[in-house]
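Below is one structure, written out as structure tokens; the observations come after it.
Letters A, B, C and D mark the chains as written, and numbering starts fresh at 1 in each.
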Amino acid sequence: MIPLDIRVQAKPFDYGQECGRFAQQTGRVGAVVTFCGIVRDTDTGALERMEIEHYPGMTERALTQIAEHAAARWDIKACTIIHRHGPMGPGEAIMMVATASPHRADAFAAADFLMDYLKSRAPFWKKEITNQGATWVEAKDSDEAALDRW
Amino acid sequence: MIPLDIRVQAKPFDYGQECGRFAQQTGRVGAVVTFCGIVRDTDTGALERMEIEHYPGMTERALTQIAEHAAARWDIKACTIIHRHGPMGPGEAIMMVATASPHRADAFAAADFLMDYLKSRAPFWKKEITNQGATWVEAKDSDEAALDRW
Amino acid sequence: MKRDILYFAWLRERVGLPRETIDTNAATVAELVAELTAREDRYALAFSDPGSLRVALDQELSDFSAPLGSTREIAFFPPMTGG
Amino acid sequence: MKRDILYFAWLRERVGLPRETIDTNAATVAELVAELTAREDRYALAFSDPGSLRVALDQELSDFSAPLGSTREIAFFPPMTGG
């Protein structure tokens, strides 16, 4: 088994610090890819905050399964997934994934795959609170369609 | 024009710190993807160091052109490329790219494209110095073939 | 049989509670939804478009035709929006 | 016409110098390569497999059939291996 580091947490994390640590620990294999999703402003009004609900227990389970699928399919030597829940403000990191591989194509494909599956198969729900009120973010058809790529 | 930050340098850089800074400055657009290439051990003997030669002047020009192509093709809001030359030891970061986009697919595709083009079209040459002697790294057919994806 | 039913996101808000334990004879997820819908308007409203909902049986994604079998925990929620 | 010729990586090592200025009447890259090859064994060795080499004219990738025109700087090198 490759080292899987899966964290579901309310507290903020430092994306740069996590990238540095991941590369330090696993980078000697050659190629590292990271993705970070960050709270951004919406089209429908100034975002005050985002709130993420999740399904404790199932979340960790789903993320582990997704990471194991990626590890079975590509030659990755390590994988980190961090995902926050609870309230967070614009500019804060929501989540990140990191993959390390001897081959850059594998590191890219595995990170891209993790994001597609995490988006539509891990039990998180985003709510945006703007000066116009609160709205649950709707899933996009394009997110579900993205799974067909794999 | 989007902010392009292109650096060709002999001195080491801190991948984690650069990721943090990039996300801080540009992350509010939503999605950040980074890639880092790190000196790894070879199959043919313990690597003592790697030496990278480049073509001053043309290197900066080629990297800028590649980044501009990526920015014309995908909706990216910022792009950083850092590439070292000269001697470096195992575990040290050779280079990195970072892209920021409102859409995760664009951030991934642009970073992947940058890596493919940088690999085969930017004037860098790697030499590996092991206990068996010094060898110029040979370009792989698969690297040239990767360009056909785009 | 006693089973735990969980609701998340706007489904939780419409039903008005995050979880409850109910005693049910439903054999499938669809039968359970029919039973819940018949209980009260807030359930009927919450489940008015089941095609837009997802279900997990003991924390594994499943579908509405699945038998409940020995499932302890049944969760209903809208499509996920993580990442 | 005077032109700067640059060599990189193992090509530089085989030719034995990183750059030189030569006076040449070559009209194309291929003619210039023929002229260099005829000079000395180390050039002949370095350019023995031109298909494996790349050329840049004034810092833009080009090819061996390209006319030199007013090009000031011609660089020869093996396929690139950055990243």
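By definition in this document, a residue touches a chain if its C-beta (ideal position, glycine included) is under 8 Å from a C-beta of that chain, and two chains touch if they have at least 3 such contacts.
Since this is a predicted model, take the numbers as computed values, not measurements.
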* Asked: Which chains make contact with chain A and with chain C at once?
  -> none
* chain C-chain D separation of Cα centroids, rounded to whole Å -> 72
* Asked: What whole-Å value do you get for the distance between chain B and chain C if each is reduced to the mean of its CA atoms?
  -> 48
* In whole angstrom, what separates the CA-based centres of chain B and chain D? -> 26
* Structure fact -> Shared-interface residues of chain B (touching two or more other chains) are 37, 104, 115
* What positions in chain D touch 2 or more of the other chains? -> 83
* Asked: Which pairs of chains touch one another in this structure?
  -> A-B, A-C, B-D
* Touching residues on chain A, where the partner in the complex is chain C -> 37, 52-55, 57-58, 61-62, 83, 94-95, 115, 118-127, 136-139, 144
* chain B residues within the chain A interface of the complex -> 14-21, 23-24, 27-41, 90-91, 93, 102, 104-105, 107-108, 111-112, 115, 146
* Residue ranges of chain D touching chain B (in the complex, touch as defined) -> 6, 8-10, 12, 56, 59-61, 75, 77-83
